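Heads up, the next two complexes both have chain A, just with different partners, chain B and then chain C.
So, the complex of A and B:
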C-alpha cells in the first residue's frame, strides 16, 4: 500500500512541483522514517528475544557462559535415559525422531505433491473439486492433537500397527499432507500458463506437460514448502503422545513396528522431573532438536536457490 | 548439467513413491508376528516356557541374559520413576528383554490395559469399579501388586514463619469448593495467622494426585475450589511456592527431598497430632491421611511369559526394593515382609483387587500379607 502511495506521490509531485509546500514533503519523509524505525525495532525485538532464549538454552546445556557442567557430551548422544542425570542420554529419542521424520517424508511428500498436481492440472472446476479444496485448506488448520486421535483409532487400533514408529509416522504424515498440498499448489500455479500452452502447441500430452514442464519449473517451491511442513512435524508432541509414543525406551527400534520415543517427548519428561539437572539435560535436548530443525531448513533454502526459476 | 539434476530429483521422487509401497507390503507380512505386541508376545512365550519352566523367584544371572521379549508398561506418571528405574536396572541384567514405560495417567493407563494393549499398568490408586467392568468386558484378568508408598506433601515458602502444622480441617477450609472466591487470606484459616493473601497451587484435575488429595481432605474425589493455579508439572508448583511467601501447594514427597531448602513441608494433623512427612512416618502409616500406596497391575496372560515373571520378581526382590527410598526415586518402600508376600501373590497368580472403591484413603496394606 505504501508503495502505491509513494508512486502516487511521485506522479503528483512531478505535476504540481511548484505548488506543493516543501514543509509538507518533509513531514511525509519524517513519517516514512518513523515507520522505518518501528520496523527495525520490531525486527530487533523479535530476533533479540530469540537470541536471548537460544543463548539461555545454550548456557544451560553447556555451561559455556556461567561455567556450569557441560551436558552436551558424547554420553548424551550415546546413552539411553536414566534416573541419574549424569548417565542419562537421548539416544532413543534422537534415533526415534530421525526415523519418524524420514518415514513421514516418504509418506507425505509423494501423496501431497500428487494431490496438488491433480487439483491444479487435472481436476475440473466443479462442486466436488471445490469441496475437496475447502476441506484441504481447513485440514491445514486443524489442531495437531485431533490428528493424534485419528491416528490412535485408525493406525494403532484398526490397522493394529500398535504404538509403532509406523503408526507415528503415518499420523505425522496426515498432519503435514494438507500443508504440502497447499504449498505445492501455490508453486504449480506460479508456473506461467504460456509455458503450458507452448508445450501443448508442440503436441505434448497433459502428462508430458506436467512431467517435463510444470514440475521442473515448480520443484523448488514444492521442495521448500514440503520441507518447512516436515520441520513443523519434528517439533510435534501432542499427536505422538496421543497415539501412545512411550516415554522411557531403553533400546533402539529394530523395525517399523517397534515402540519408540521422540525428542520433544523426552524433553518434556525431563523438564518435569524433581532433580534440577534434568532441566539442563532438557536444554541439551532442545539444542539437538534445534540443530536438526535448522539443518532441514537450510536444506530447504539451498534447494530453493538451486532450482527456483524467475520470469 | 540441468538435465542431470532433473533426473536426480525425479529419481528421488519416484523412490519416495515406491518405498512406502514396499514398506507397506513388507510390513503386511511382518504385521502378523510383531504388530500387536500382545499376540506376538504370547507366540514367543509358548516355546520359551516349554524349554525353561517358569521360575518362582528371580532367576540366576545366566538365565536372565538368555531371556528375550518386549514388556509394554503404561499408566501413572507418579509410578513412572519407580518402574522406569526398575526397567533401567533390569535391562542391564537382561539385555534382550526390552522394557518400555509410557505415561498416560492412571485412568488412561487402565483404558489401554483393559483393552489388552499393555502388559503392566501403573496406578497411583486402586482400580475403580468402572475400570474393573471394562477389563471384564474384554476378558482381561490381572494381578494387583502394591509397590511403594507416596506421601503427598503440603509445602509453603521457607520464609513463611507462621505455618508449621495444619489440620485436615484447616486444609479443607482452604481447598473446599465453597472456599472459591471467599477464602483468600491466611487470617481466615486460623486465628493468629497474619493478614496476608493466600496463594494456592496444585496439580491439575487430570492428575491422580489431585484425585487423592481431594478425596483425603474433602472426602470426595475431585471436589476442589477452581480458583487455584493448576499445573500438571510439579516443577511449576515448586517454583511458584519457592517464589512467593504467601503461597501453599502440594505434590509428591520426592519433590520435597530433591528440593530441600527451596520449600518447607508442613506437618499434617490428621486427628492424632502433627506429623511431618518423612520416610518413616509415611511407611508406618502415621502420616495420615496424605500417604497412599502405589500399584502395578500385571495382565494374567502377560504373567505367563518368562520375561515378565523375571521382571516382576526383580521389581519385588531385595536388590531393587532397596533402591526405592534413594533420592533418585524418592518413594517410600514397603516392609520386607510385605514385599515377600506380594511377590508370592504374583507367583501364585492371585487375581483381582483387594480394594473396594471408596476405601482408598488411609488404606493399609496388611490385607496383602495373605490370609
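So, the complex of A and C:
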C-alpha cells in the first residue's frame, strides 16, 4: 500500500468522524439541556415538598383551606396537656422548651467559644490539639440519640440529676458544642493577624488581645453560628426522649431538677395518639415550632449582615 | 540575643491570670475528649452488662427481637434490617436528586441562582425531624395508600421517602462543594478539546470530585441510619426481619425510643438492651464516618 493510499484512507476516516461528530453535536448539547431540566426538577421537587409540608401543617392546624376547626387559639398557648383535645394546650411544652434552651445556651455558648479560642489562639500543633480536633469532627457525626444514651447514663444516673431540665439541657449542650466550636473557629480565623500583631506591639498580653481585639472582630460569626446551633437544639426530640423527658406534664417546672417536656416531644406525643383532633393539635404545635425556628434563623441572617467584615 | 515573647506579660500577677485563663480554655477544649470518652464508656459498660446476660451468639444469629415479651429473644437482625431498609429507600431519593442538583448548581447554574437556591435547600435540612415524621404519617402515607392499597398505616416506604427529602440538601450541598473545588484549569482544558458543557461536567469534573461526592453520600447514609423521629413516628414498632417496604418495621433508633417512653428501671435487662442496640448503632455510624473520611483522604485528586 502506498503512502498516498494510506493518507487517503486516513483522511477519509477523519472526515467520517467529523461528520458523525457534527451530526451528534446537537445531541451532545441537548444532553446538557436535559441535565439542566433535571437539575431544576430536583430543586423544585425539594422546595415543593417544603411548601406542601408547610401548607399541609397550616391547613391541619387552622382549617384555613378545608374549613375545619382552628386549633391555634389562645387556649392552645395557655392550657396544659389534657386527655380531651378541646382542652389540651402546649403551655408546659412551650415553657419547657424556653427553660431548657436557655440553660443549654448558658452551658454550650461559653464552652464552645472557649474551646474555639483555645484551638485558634493558644493551641500548639501537638498530639493534644490533634486529638481534640479529631474528636470534634467525630462528635459532629454521632447520631443525636446516642447523646441521649450518654445523658441518661452520665447526667441522669451517675450525677443523679434525674429526668430533669438540668440533665436535658446538659445533654443538648454536649450535642451542640461541636457546632458552636466549628463556627466560632471559622470566625476567629478570619480576623487578620495584622490586628493581633498591632495589639501585641501596643503591649497587650495574649488574653487582652483575644478579649479586646479578636472577640469583638469575630463576634458576628460566633453569634450566627451559635444561633444556628440553638435552632438545632430547639428541634431535637430523640435525645430528650431517651433521657426520659415526660410526654404528659400538666404543670410548669419549678426548679432545675423538675421533670419537664418540650415542644417537639409534645408534638410527638400528640402525633402518636390515633385521633384526628390530637393530630390537629400536633399541627398547631409544629406551626409554633417552625415559627420560632424561622424567627431565630432570620435573626442569624440579620446578625450576619450587620457584622459583615469590613477589611 | 534572646528573643522576648511580647505576648507574655511582665507583671507577675497578670502572668498568673493569663496562665489560669489559658488552662480554663484548654479544659473547655478537652470537653470534646471527655464527651467521646463518655459516649464510648457508657455504651461499652452497659453493653458488657447486657452480654453477661445474653450470649453474643444469640444476639448475632437469632432472627427475632422480643426483649419486652415473656418469650424473650435477642436477635439484632430485625432492627438492623429495618434500619438498612429505611436508609436505602432514603438513598434512592436523596442520591439521584442531590447529585443532579449538585452538578446543576456547580456547572450549569449562574452565580445568582446558586446563591439563592443553596440556602433555600438548606432549610430542608433545618426542619426538625419530628415534623418530617408527622408529615410522613399524616400526609404521605394516606396519599400513597391511594396507589398501594396494601400499604400499612406504618411502613418503611413513607418514612424512607421523607427521610430522602430531608437528606437531599446534605448530598447536594457537600457534593456541590466537592465539584466547585475542582480547579478551573480542568474545565478550560476540556472545553479547549471541544467538549460540551455536559461532557465537561459529567466526564471531567464529576470524576475529578468523586471522592468528595462519595463521602457526601456515605455521610447522608450515616445520617439516615441514626435518624430517629421520622422512623419512630411513621415506620412502626414491629421488629421483623423483612425487606417489604409496605409493612410496619422497627429500626434500632425506634427501639431505643420505644423503651425510653416506657418506665425502664436502671440496671434491668431492658435498660441494658438500650445500650446494646445503641452500641450497634454507634458502630454502624462510626464505620460509615471513618469510611467517608478515609475516602476523601485516599482518593482526593491533588492539583497543585
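One rule holds for everything that comes next: the second predicted complex is superposed on the first by the 266 of 311 C-alpha atoms of A that agree within 3 Å, B and C clash if a C-alpha of one lies under 4 Å from a C-alpha of the other, contacts with A are read in each partner's own complex, and residues count from 1 in each chain.
Everything that follows uses one rule, which is that a residue touches a chain if its C-beta (ideal position, glycine included) is under 8 Å from a C-beta of that chain, and two chains touch if they have at least 3 such contacts.
Source: prediction; values computed, not measured.
S.K.: Answer with clash or fit: chain B and chain C placed together on chain A by superposition.
M.R.: clash
S.K.: Touch check for A:81: first (chain B), second (chain C), both, or neither?
M.R.: Touch status of A:81: first partner only.
S.K.: Chain A residues in contact: does chain B have more, or chain C?
M.R.: After superposition, C is the partner touching more of chain A.
S.K.: Mind working out whether A:89 is in touch with chain B, chain C, both or neither, as first, second, both or neither?
M.R.: So A:89 meets neither chain B nor chain C here.
S.K.: Going by the contact rule set out at the top, does A:244 touch chain B (first), chain C (second), both, or neither?
M.R.: both
S.K.: Could you look at A:206 and tell me whether it touches chain B, chain C, both or neither (first, second, both, neither)?
M.R.: The second partner, chain C, only.
S.K.: Between chain B (first) and chain C (second), which does A:225 come into contact with in this model arrangement: first, second, both, or neither?
M.R.: neither
S.K.: Would you sort A:259 into first (chain B), second (chain C), both or neither based on which partner it touches?
M.R.: first
S.K.: In the superposed arrangement, does A:107 touch chain B (first), chain C (second), both or neither?
M.R.: It touches chain B, and chain C stays clear.
S.K.: In the overlay, answer first, second, both or neither for which of chain B and chain C A:160 touches.
M.R.: First partner only.
S.K.: Which segment, 1-9, 55-63, 145-153 or 163-171, is the chain C region that clashes with chain B in the superposed model?
M.R.: For chain C, the listed stretch overlapping chain B after superposition is 145-153.
S.K.: Could you give the residue numbers on chain A that contact chain B in one complex and chain C in the other?
M.R.: Shared contact residues on chain A (touching chain B in one complex, chain C in the other): 110, 244, 247, 271-272, 279.
S.K.: For the complex, give me every residue of chain A touching chain C.
M.R.: 25, 28-29, 31-32, 35-36, 38-43, 45-47, 49-50, 52-53, 56-57, 60, 110-112, 114-115, 117-119, 122-123, 131-132, 135-139, 141-150, 152-154, 157, 174, 177-178, 181, 200-201, 203, 205-207, 209, 231-232, 234-238, 241-244, 247, 264, 267-268, 271-272, 279, 282-283, 286, 289-290, 293, 297
S.K.: Note which residues of chain C are touching chain A in the complex, please.
M.R.: So the residues of chain C touching chain A come out as 6-9, 14, 17-18, 21-22, 24-26, 28-33, 35-36, 38-39, 42-43, 45-46, 96-98, 100-101, 103-105, 108-109, 117, 120-121, 123-124, 126-135, 137-139, 165, 168-169, 172, 196-199, 201-202, 219, 222-223, 225-229, 232-233, 253, 256-257, 260-261, 266, 274-275, 278, 281-282, 285-286, 289, 293.
S.K.: Contact residues on chain B for chain A in the complex?
M.R.: Residue list for chain B touching chain A: 5-6, 9-10, 13, 16-17, 19-20, 23, 27, 30-31, 34-37, 70, 72, 74, 77, 80-81, 83-85, 87-88, 91, 98-104, 112, 117, 232-235, 254-255, 257-259, 327-330.
S.K.: Given the complex with chain B, which residues does chain A contribute to the contact?
M.R.: 80-84, 103, 105-107, 109-110, 113, 160-164, 166, 215-216, 219, 244-251, 255-259, 269, 271-276, 279, 306-307
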